Amino acid sequence: MKKILNSDGIKDLLSSCVAVFIGLIFGLIVILIANSDYAVEGFLTLISGGFSNGARGIGQVINQAVPIILTGLSVGFAFKTGLFNIGTPGQFVVGAFVAIYVGVEWTFLPGALHWIVAIILAGIAGSLWGAVPGLMKAYLNVNEVISSIIMNYIGMYTVNYIIPLTVFDSMKNQTLNVNQNAIISKFGLDLLVPNINGGIVVAILAVVVIHIILNKTTFGFELKACGFSPDASKYAGINAKQKIVFSMMIAGALAGIGGGLLYLAGSGQCLQVVDTLAPEGFNGIAVALLGLSNPFGVLIAGLFIAHITIGGSLMQIYGFIPQIVDIIVAITIYFSAFSLLIKQFLNKHKLFNADNIKKEEQSHG
Amino acid sequence: MDDILFLLSQTMIFAIPLLIVALGGLFSERSGVINIALEGIMVIGAFCGIFFIHFMQDSMNPQLCLIIAILIAGVAGMIFTLFHAIASIHLKADQTISGTALNIFAPAFCIFVARLIQQTQQVEFTDVFRIKEIPILSSIPIIGDILFKNTYITTFLGILILIISWFILYKTKFGLRLRSCGELPQAADSAGINVYKMRYAGTLISGFLAGIGGLVFVLPTSTNFNADVAGYGFLALAVLIFGQWKPWRIAGAAFFFGFMKTIASAYSGIDFFLSLGIPNYFYKITPYIATLLVLAFVSKNSAAPKAEGEPYDKGKR
Amino acid sequence: GGGDKKTDDTTKKDGNAEIIMITDKGTIDDKSFNQGTYEGVEAYAKKNNKTFNYIKPVAATDDEYKNSIDQAVKQGAKVIVTPGYLFEPAIYAKQTEYSDVKFILIDGYPNDGNQENPKSNTENNAIGIKFQEEQSGYLAGYAAVKEGHTKLGFMGGMAVPAVMSFGYGYIQGADAAAKELGIDVSMNYHYTGDFKATPEVQNTAASWYKSGITAIFGCGGAVGNSVMAAAEKADPVGAVIGVDVDQATESKTVMTSAYKQLANAVNDALASIYSGDFDKVDDDKILFRGGQNIVLGAANNAIGLPMDTSTFKKFTKADYDKVYKTIQDGKVTIKNSTAGEDVSVIKTEKVKVNFIK
Amino acid sequence: MEKIIEMLHITKKFPGIIANDDINLELRKGEIHALLGENGAGKSTLMSVLFGLYQPEEGEIRLNGKKVDIKDPNDANRLGIGMVHQHFKLVHNFTVLENIVLGVEDTRKGMLYLKDARKKVMAISEKYKLNVDCDALISDITVGMQQRVEIIKMLYRDNNILIFDEPTAVLTPQEIEELMTIMRDLAAEGKSILFITHKLNEIKAVADRCTVLRKGKCIGTVDIKDITKEEMSEMMVGRKVNLNIEKDDAHPSDIVLSVKDLVVEKKGHKNVINNISFDVRKGEIVCIAGIDGNGQSELVYALTGMMPISSGHVILNGEDITHASIRHHSTHGLSHIPEDRHKHGLVLDYPLSYNMVLQRYFEPAFSNKGFLKFEEINQYTNDLIEQFDVRSGQGAKTLARSMSGGNQQKAIVAREMDRAHDCLIAVQPTRGLDVGAIEYIHKKIVEERDAGKAILLISLELDEVMNLADRILVIYEGEIVGELNPKETTFNELGLYMSGSKKGAQV
């Protein structure tokens, strides 16, 4: 127990809390500038976020959080293995499309198998999209940032080209509604929270699996080693090139699943044919950074951003624009960069005192 | 021929802002600071420049107005980038983090301020800056058609920035010192160069240029600005890498990509392409696939500055 | 505008209001139907001293639209105004739940969103209002050809029903005029893929002007702004046809605009509600009454071209009135996009359409 | 002789350690003053203080008797103090000339102006026979030439107090000899030199006086002519050190590693390894001697599977492993102490425990069905820490990055010697280490041999080669040019082979 309290995770959480606090202070300042008359109401609405709407609000938060937790996990996982996956928008959209396609067309799949297959295929599609930058980095030395950016556009345009040829609702310029079976199970959670996106169960599962892969397995050992030092990994006999590809594929799969989870949620959202990169993808970067790339951190960060997004939306009734939320998130992320430093500083002090602590322990023991 | 000249002339719309912003990124990365915030800086630069134009365009000479707007865009970009610089240079924060924060902040901030000032988020402007024809020069065959007809001073500004960038980086004391900070800051430090100062300089120059790039990007493409530069900041980052962190290659990359984008969006006005009957989305994808293919061939030896992304820590050896 | 203390003086401190608008994906200053709708709400509320407010949903999903309706009711809304067909399923579901709240749905009719066997139902506390955009587009196409333009362009944003109807009418109007004049007309027809101003859109428009096209219908939010930018640069200067509202102030190149009177419609619907006419659901003399799905067009003077601000030289007010009358009288039938078919269903005699897809 | 520099009561602290504790040092004009101490004793720190890279918490520096304030290298430069750093500070994609002028550039009309600089550099180069090419890129020149560039950098700035921080650690014997000559010339001209090295021979050869540091404290300053090497090392370590390697005769038996007609190509070069053949037997130490850059690195990469082999064969325990993977090599009896401990030897951001199982994490002892067994890994690490006396702040949890170079090397040696192997390839295993650590590692290598392992040692240091090897193979331009018996050959003969002046012998 003591060990857990002293663990890095808790320190990370604490330092992130400081950043969030600073972000909210700035948010309050912005709110005061915008309209001091309603500042108190606006700010309280903002921070109470999803909670001000009861169980339904919690459902809203979860619905918002599910896709960005997955894209955040995608970016965070890649970060941990030394890669910057800025290709989540592309991976997200191809995953979304494949999930919808399966959801609409493959009606021969019985019961829950339908959505499960759709989500799995969404993950595979995302992983193929991630594989391209991975392969290009491993075998052609192409910087993954640039190839990921390019793959975003290729993914978006490809999907927009294919939708009108396949599962198209030409009246609304978007995809058709998916089959009832293709809607993710609510796992009975809707008894507690109405309209919940059952995808949260998949998201939490993904968080746990990624945590285990990274920290408990030999595979994670290899992936992280390659991230930290490709040369030393090569020396150790690890196939670094292969690991880069795997890492990007896993990251891509996570983003692809995120796309699937959003559009199979049964919330009545369809994928529109629009030449805009999926914002859920870019939001993943923010979530990953706020969560310090730690899988559980990403989970919390995703829920937090969703929470204040709802708050920001509710705040509009006092005449505030929802962009205030973006300002708060940006400032929080900015200061989370410093909180890392603060943590390091604290750690160093610990080290500085390590001898004293040891001595104390000895004198006690 | 006429069509080709037209395409080349239109290429400037894509290539010049990409070039200016990528050169901005070049200064930053050559000094050792990764600047992923180019997109956000473009937004801020464009916003401030356009706001100035919005208020002043009726009351002053268009070209003077544009020049002042460019300066304002640059300075605004520079001030905004200061936050990235402080975080990544003095506070040694992760450069991706502060860059991302800036990218999220910029559009939200612009919308917020625009609404505060004028109740709507779009800032309107009139494009009065186009120069129909530059006497004498416009009659030069080919070049005259591409560069000196229906043009903006920003086109020349872009080319000028390219030449100046190259000159500064490779021909001046400042450039030599800046580059050394991106490769081996310890060397610079022990040679008595203030690495922090150089990195501030590099990063702030990148903010200045990206701010200008944002304005240059928006001017010819619309009649109002809506806190968005459509991902071109990220594309500029791609151009920077594509150009292997070297000014002339960056120019090559910007014009290559710009030309591909031009064909992709202008083909429907050209009989030859129209007669091919190729679907629209094929054209839209082509510039990206072409870039990816070129990258596959040219990336074997990456020329990324060795110390980019690493905060400089005097103590660390 | 929204985020300021000056204009929202009718908003109470608790954020409650009688008339609440819910935006779809756009903002209330999107220069498109969100803005038009909000202007209608604002005009009515200010004149009649009603409190009003708006809500932008967290996401563009049926669930979130429903949540926003719940939210609006919680804020004390007596009337909820929603622009866009995306609200159809949400209104369909909520009109029965809140039977004492009035719903005004613009550009759509309440239905359950099922694509195979849709169920439509408009309760007596709701009204669905659509416009005959094809008529407005028809006028624009007709006027352009009469004005002497023989090479035309259409640049829509996304291929959504309203945009498509404008486009289809535009083709038919151009064809009618071409037949009258006995000339051949060609037209490039294209959806840009988004409602944004981008260098790509500007470039496409520039290349069209370069290829000899003289007038382009910029149909879809900020797409028109990029078309204007290209028109200003073209040699000779190109002509632009604006959309939804009179866009003459945005650029000198705007020759005319194919408008639909969104704000008026919202205003009228609100007036009907507050006067009590709305509840007279069986009185078919009343246009804006509960339980109806109505369509507004030339017959109601709800569409048209703003002839006062148009820059036509050959196409006169008399010409306009004449063709307007033929539409009003139903002498011409103009095909719209209710079925969402491809543009190729529009058969033309004199207009050759290049569908760039 | 007059004192030119006095460092008085210098104290410099780093988090958790007092790197310099009340240190006094006095440098006289025209002398070569050596600084001696174990790894981490605080030598580099003290010099960095003098050069303005660090600010001391306490103490003062006097130049010609006057107190001076050295806030940064600029101040140092102004006062005529120059430094050649332990790790060279040269920009790899700049030319030699650009590196030299960096920080003190001439300009004309705002442009860089290098003409005068070039003249001055050429003059210095000629005067001290430094022989550098102004237009070569740093990445293209040898380590020795890089060092000379560093020296020119100081001379170009007209510095007369010159600090050399471990300049010889990376040089070949010939280069060291040349450097000594240069240092003597400089001193003779009246320049004062501070010289850090772990090699007592070098101190004996050039220094006038020597200051010894131990654990951040100053032990004392001695005249070189009054002291023996043994006494110096005792001062430094605090105990007696055996500078000679004690080993019995070798009893080689079966062939373990056999290399036949090995050829390795590198793009743009001629064959870096050209038709090399040799065997290494159980119970012998075969040493590859040669000047840096003659193919040693590539030979090792080829033998360990890290670089593709163009033709020829590598046979380990009778199995042809010519084209086998790195993993195959390491699991089939080959251990490898790499040349670059930071680049290859360790994942610096991994804890010591992970580094200890870097090639073995997948073995059943440390993992189960793909899951790591943390208890076992930590236990194993603790065993090795104890057995090999690896010192680390937080035991198995310590990040490799935070350990001192000497202990990092010990960790690698522990790992490579403990895992199952028949053949050990050790590349410069004692580079940059203090005599105590060197003694330890040499002892371990001999123990390995006596336990019947085959050992291939690659070293640039003649002392090490002569003392440790049972057989010497000399490599020159990718070929084995001679096989020598250390008991029968001389330093001189070995040097001739290494420089390519002599060939043949008993290959």
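Which chain is which? They are A, B, C and D, in the order written, and residues in each are numbered from 1.
Everything that follows uses one rule, which is that contacts are C-beta pairs under 8 Å (C-beta built on N, C-alpha and C of every residue); 3 or more make two chains touch, one makes a residue touch a chain.
The structure displayed is predicted, hence computed values, not measured ones.
Undergrad: Can you tell me which chain lies farthest from chain D, using the average of the Cα atoms as each chain's centre?
TA: It is C whose centre lies farthest from that of chain D.
Undergrad: Report which of A-C and B-D is connected by more C-beta pairs in contact.
TA: Of the two interfaces, A-C and B-D, more C-beta pairs touch across A-C.
Undergrad: Would you kindly tell me how far, in whole Å, the mean C-alpha position of chain C lies from that of chain B?
TA: Distance between chain centres, rounded to whole Å: 36 Å.
Undergrad: Measure off the straight-line distance from the CA centroid of chain B to the CA centroid of chain D, and report it in whole Å.
TA: Measuring from centre to centre gives 45 Å for this pair.
Undergrad: Chain C to chain D: how many Å between their CA centres?
TA: Chain C and chain D have C-alpha centres separated by 77 Å.
Undergrad: Counting only residues that touch at least two other chains, what does the list for chain A look like?
TA: Answer for chain A, listing residues that touch two or more other chains: 34, 160, 275, 321.
Undergrad: Multi-chain contacts in chain B: which residues touch at least two other chains?
TA: In chain B, 112, 115-116, 279, 284 touch at least two other chains.
Undergrad: Quick one: which residues in chain C touch 2 or more of the other chains?
TA: Residue numbers touching two or more other chains: 2-4, 193, 196.
Undergrad: Please give all chain pairs that are in touch with each other.
TA: Touch list across chains, by label: A-B, A-C, A-D, B-C, B-D.
Undergrad: How about chain D: which of its residues touch chain A in the complex?
TA: 15-16, 305-306, 325-331, 336, 338, 343-350, 354, 358-359, 361-362, 367, 370-372, 393-394
Undergrad: Give the list of chain A residues in touch with chain C in this complex.
TA: 34-35, 37-38, 41, 53, 56, 60, 63-64, 160, 169-173, 176-177, 195, 265, 267-269, 272-276, 309-310, 313-314, 316-322
Undergrad: Show me the residue ranges of chain B that touch chain D in the complex, using the header's touch definition.
TA: Of all residues in chain B, those touching chain D are 171-173, 175-177, 179-180, 183-184, 186-194, 303, 306, 314-315, 317.
Undergrad: Going by the contact rule set out above, which residues of chain A touch chain D in the complex?
TA: It is residues 216-219, 221-222, 224-225, 228-229, 231-239, 348-349, 351-352, 354-355 of chain A that touch chain D.
Undergrad: Name, in rising order, each residue of chain B that touches chain C in their complex.
TA: 6, 10, 13-14, 112, 115-116, 118-122, 124, 126-127, 130, 132, 150, 217, 220-224, 226, 228, 230, 232, 261-262, 264-271, 274, 279-280, 284
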